[in-house]
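Shared between the two complexes below is subunit A, which pairs with subunit B and subunit C, respectively.
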Partner chain A sequence: MTTVEEPTRTGAPQVRNLVDVKNGEISREIFIDEQIFKNELENLFPRAWLFVGHATQVPEPGDFFSSWMGADPVLLTRDDKGELNVLLNSCRHRGMRVCRYDEGNTLQFTCPYHAWSYSIDGSLVDTPGALHGVPQQKAAYGTNLEREKWGLVRAAQVHNYKGLVFANWDPEAPSFDEYVGDFHWWLDNLADAFDGTEGGTEAFRGVHKWRIRSNWKFVSENFLGDTYHGASTHASVEAVGIGPGGKGKRRHGERQNEGGFSKGRMKTSFRRGHGASDNLAYEIPYPEFEEAELDEYFVAAWEKRKEKLQAEGRLLGGRGPATLFPNMSFAAGFPRTILVAHPISPTETEVWRWYLVDKSAPEKVRDWLRHYYMRYAGPAGMTEQDDMENWDYATEASRGVVARRYPYNYQQGLGQETASDLDGSVHSHHAIAGEVNARAFYRRWAEFVDNLSWPELTELARVDDRATERDAVVTDVAEGVKVLDAVDVVDGPPAQ
Partner chain B sequence: MPIDEALLERMLLRESVSEFLYREADLLDERRYTEWLDMLAEDYQYSVPLRMNVAFGETDAREETRAGREICWFDEGKETMSLRVDQLNTGLHWAEEPVSRISHLVTNIRLDAVELPEVAVSCRFLVYRNRVADETDFLVGRRKDRLRQVGDSWHVVRRELLLDQSVLLAKNLSIFV
Partner chain C sequence: MQIKADVGKCQGYGNCVDLDPEHFDLDDDGLVVLLRTSVDEAELEKSGAAVRSCPVQAVWLADHDG
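After this line comes the complex of A and B, so read on.
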């Protein structure tokens, strides 16, 4: 294993010393400390692949959507050629946020301060986002201003994965495909339609945005694999029942006779930091609906998808909840929604939620899902409301001088990782209570925040050292179901 | 001066509507949610769209998301409202446990249209929430209600809120706005 002893660029203590994955102890400082937060902004966010928005939010040339990458405001735009661009939303003259709209349509962003204008119109500029207009250019600069050097800063890499748009500031960063690895199974389930049609989803208009008084990692960690919190945190919504089955029924109305929620449930933890907590080989059937039109849609979609994926030799499950390292979390089933935790300060985060729906869904299905999403997720969601209470007051009670001396406990399933045939990952057959994903997430996080170089990061992630005594390796779908059937399933309520 | 009968009638109507809305605020702030539900019509519809920053001239088309089609903070009927009350009544709803201190202020009440037995009412709201110690939220905005006369009182049939925030500055909306 590579070890790097020299101090980081900012001269801060190495955060890897604060993350003891061997013993499952992680210092509270990483959720509180100002300098560590600065190092995250410096060394993690500008090098990681970050989710920016959905391509269907900007369908037409000139459409733009304002987003954030770490602590930097960006614009997701579609230029006149139909290409997606991610531009730093800060004027090159004095830094004014050139666009303060959340969405709109324009081929030119004119800064309100002194009116430098930037164009994404290919007939005017070579590079989308280039500086196009400068008031009094001749008088002010003569021939000295090299306009081609002063365009809006462009993300070094942009990748549209089936409508999910990601960007990276670092030209040296590995490609999106390499960064994601086999975790793409989960992104596929997120982006593909319920019947398996590739990229067959679109974003509903309207992104939930809200502020919490907690570190952004609490959010990532929660969706990464903390199914343990559901029984307590979400006890009230479970008691009430808000799923398709209606009042008093289990939330998702899943088909219990076909296995139900917990069958084959486990953790998948990637060395690169991604993680999921779901039924990988075994697909939870879509919920039962009382209304025939809804039931028929989902039954037909489930059958079609199953046939398609089995023909391709693909695993059926993998609907999350899951987190793509570092701060994009999602669930790819019920609900189907993407969350990004934007860092504001060590103890402040702006949470954004997008909601996806099949492009081909009939009105009734769209409407049912939309209502379900809103009563489930977001700040008004009956499930999500209770998460924020815990994150915020966990943060408050961890700030004290004495509190900070004591680490958090991440020992669930310690040393019980098992091999996976997915690249660079392990499983843990803990249906509900397993913290393998969190340990891997923080290990990867520390490697980034300590500013290891790309060769070092790549080398560290090349092999997963966690499951050396391999048990049966899951090689195909049928085999997978058999293995999973043999796993002792601890039943518990679903949770996100 | 002769009494303007029509004006008097309108004033009495507004008084009755105001009384109703103030009583509703009291029930909510006294946490009598089950009784409050009885003030809502069976076909009650409640929506709180998202607000966005958009260019001058685009506000009509884009500033708010549309209830019935797009993502809102809330867009639901009485059934879901009742589930929310049930959730609050479990005593396990951590977002409101310990319970918050809440005040609903209703002001600028006007009758927009009188089509008895229904009236369209507009007002401003200010909902203040304080919980635990320093956690304090102000939710302010405009509201349009449609009320239906039931005996000598009213039911709320439709309620549309415009909350004056784009990014919600409260950590959640676990209270009735």
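After this line comes the complex of A and C, so read on.
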């Protein structure tokens, strides 16, 4: 394996040499190497659409929430006109963070260092985030300071998708809708209420934040389609029974008598790098609950959603786990939560977890979900702990000199992708095994990190070449389904 | 209405002077000086904008007895 020594601004295909999608081999260097990490920060994160926060975290004018976009701290704010803004949290004078709180309410950010003051109040400044005043302006600058040039740096594009707020630093980047494509069905299921009400969810106050000694991509990869690790990694959690049904029931609470967790399940992989552990036709009703009040709420919600979606001609599946390229992972069922893997170093990641709940959910339901989410996810969550152990030790054991000479194996289901009706995507050949999603993720990742231009990136993703090559392997869809039936593991160990 | 000022808070941003030079000025140290404290009805909009523009709330409007 070669190493990358120079930034890839020239567009030389350097990290693409480390991601061999055809043979299913990916170099360990992409999880360890300092220079590759720098190239990610330079070429990927400032050009990708990144999840910043939830609109319900900043409901009122003057509300703000401190977040990160790649290597940069940002503020999600709501201005006095009710609009959302994403601003770089760094003073234009000496770079101090103008805001050091996690969240709060203010219409101005005054830098603690030299007190340059920025306003998000549109009645005081033309553009929210603009420079509003500097101490001793007259003595310091006379009339020479052009305040309009020295406002907080603004994200070039901000998009509120049903309460999910995304931003992009690059004015040339494609629109959010184009970037997401047909993957939006998974975002819909995340943002819509359990009864299908559009955008009917809100963030629980508070975001879990913690650090792991692992590369950020381990997290994205796990969510976007690693259904292979569940049976081994989460065996102990399944034995304990932390899910809706209680002891002896699975942690996602799926109803075994109505399909279980594997039957008919195929992963969905998008050429643009997004991936989901399931498909839209993979329909499993909400879990059974021990308590009647909870059971009634979710049964009613499922029926209402089913009726609504069927009237719209929509399928009922698509609840993940999934990853929106590059680092926003989520599950839109049980649990329903968003995870963003912020890159700190090649071998350190700061993980942020948001939890969503129906706006209309009664207190009992909220409280039950809160407990379930904490049992499941976050630094003390049992399922999360299992995963973190793997990623930390995988990182530690991969950074050695000899270890780095040997690539990871991504060969599951090579060349066996099946057709998908969704634009720019394919399905995996198997319910549990199948690394088609990971291969697509790293292929797209390498195209960004090698700094291909937007026209090149767009052209590469215009047609999913896997869908055309696949015809040579699986001659018709029916055959693919037959294969799936044969390998269903309805009563076997759980996946994902 | 009347304009009040806390010179101890002032950091010489000068926003108030830009917006309402009839009431506000800066001294040789760059700190706020009130040229006149009374604000009549016709001046309220201008003076109000001036005090709102102060990043450190060193100036404000109060009732005459406030």
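Here is the rule we go by: the second predicted complex is superposed on the first by the 453 of 496 C-alpha atoms of A that agree within 3 Å, B and C clash if a C-alpha of one lies under 4 Å from a C-alpha of the other, contacts with A are read in each partner's own complex, and residues count from 1 in each chain.
Convention: a contact is a pair of C-beta atoms (placed from the backbone, for glycine too) under 8 Å apart; a residue touches a chain by one contact, two chains touch by 3 or more.
The shown structure was predicted, so the numbers you read here are calculated from the model rather than taken from an experiment.
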item	value
Subunit A as common anchor, with subunit B and subunit C clashing or fitting	fit
Partner chain(s) touched by A:Thr110 [first = subunit B, second = subunit C, both, neither]	second
Subunit B or subunit C, by number of subunit A residues touched	B
Partner chain(s) touched by A:Val153 [first = subunit B, second = subunit C, both, neither]	neither
Touched partner set for A:Leu124, first subunit B, second subunit C, both or neither	second
Subunit B versus subunit C as contact partner of A:Val299, first or second or both or neither	neither
Touched partner set for A:Tyr393, first subunit B, second subunit C, both or neither	first
After the two structures are overlaid on chain A, angle v-u-w for subunit B, subunit A, subunit C in degrees (C-alpha centres, nearest 10)	80
Which superposed partner A:Gln136 touches (first subunit B, second subunit C, both, neither)	second
Subunit B versus subunit C as contact partner of A:Ala231, first or second or both or neither	neither
Three-chain overlay, closest Cα atoms of subunit B and subunit C, distance in Å	15
Complex interface listing, subunit C residues touching subunit A	11-15, 26, 30, 52-56
Subunit B partner contacts - residues on subunit A that touch it in the complex	100-104, 204-213, 233, 235-237, 239-242, 247, 350, 355, 367, 370-371, 373-375, 378-380, 382, 384-386, 388-390, 392-393
Residue numbers on subunit B that touch subunit A, as the complex places them	48-50, 52-55, 58, 62, 65-66, 68-76, 80, 83-84, 86-87, 90, 92-95, 132, 135, 166-174
Subunit C contact footprint on subunit A (complex, rising order)	108, 110, 115, 117, 119, 123-124, 132-139
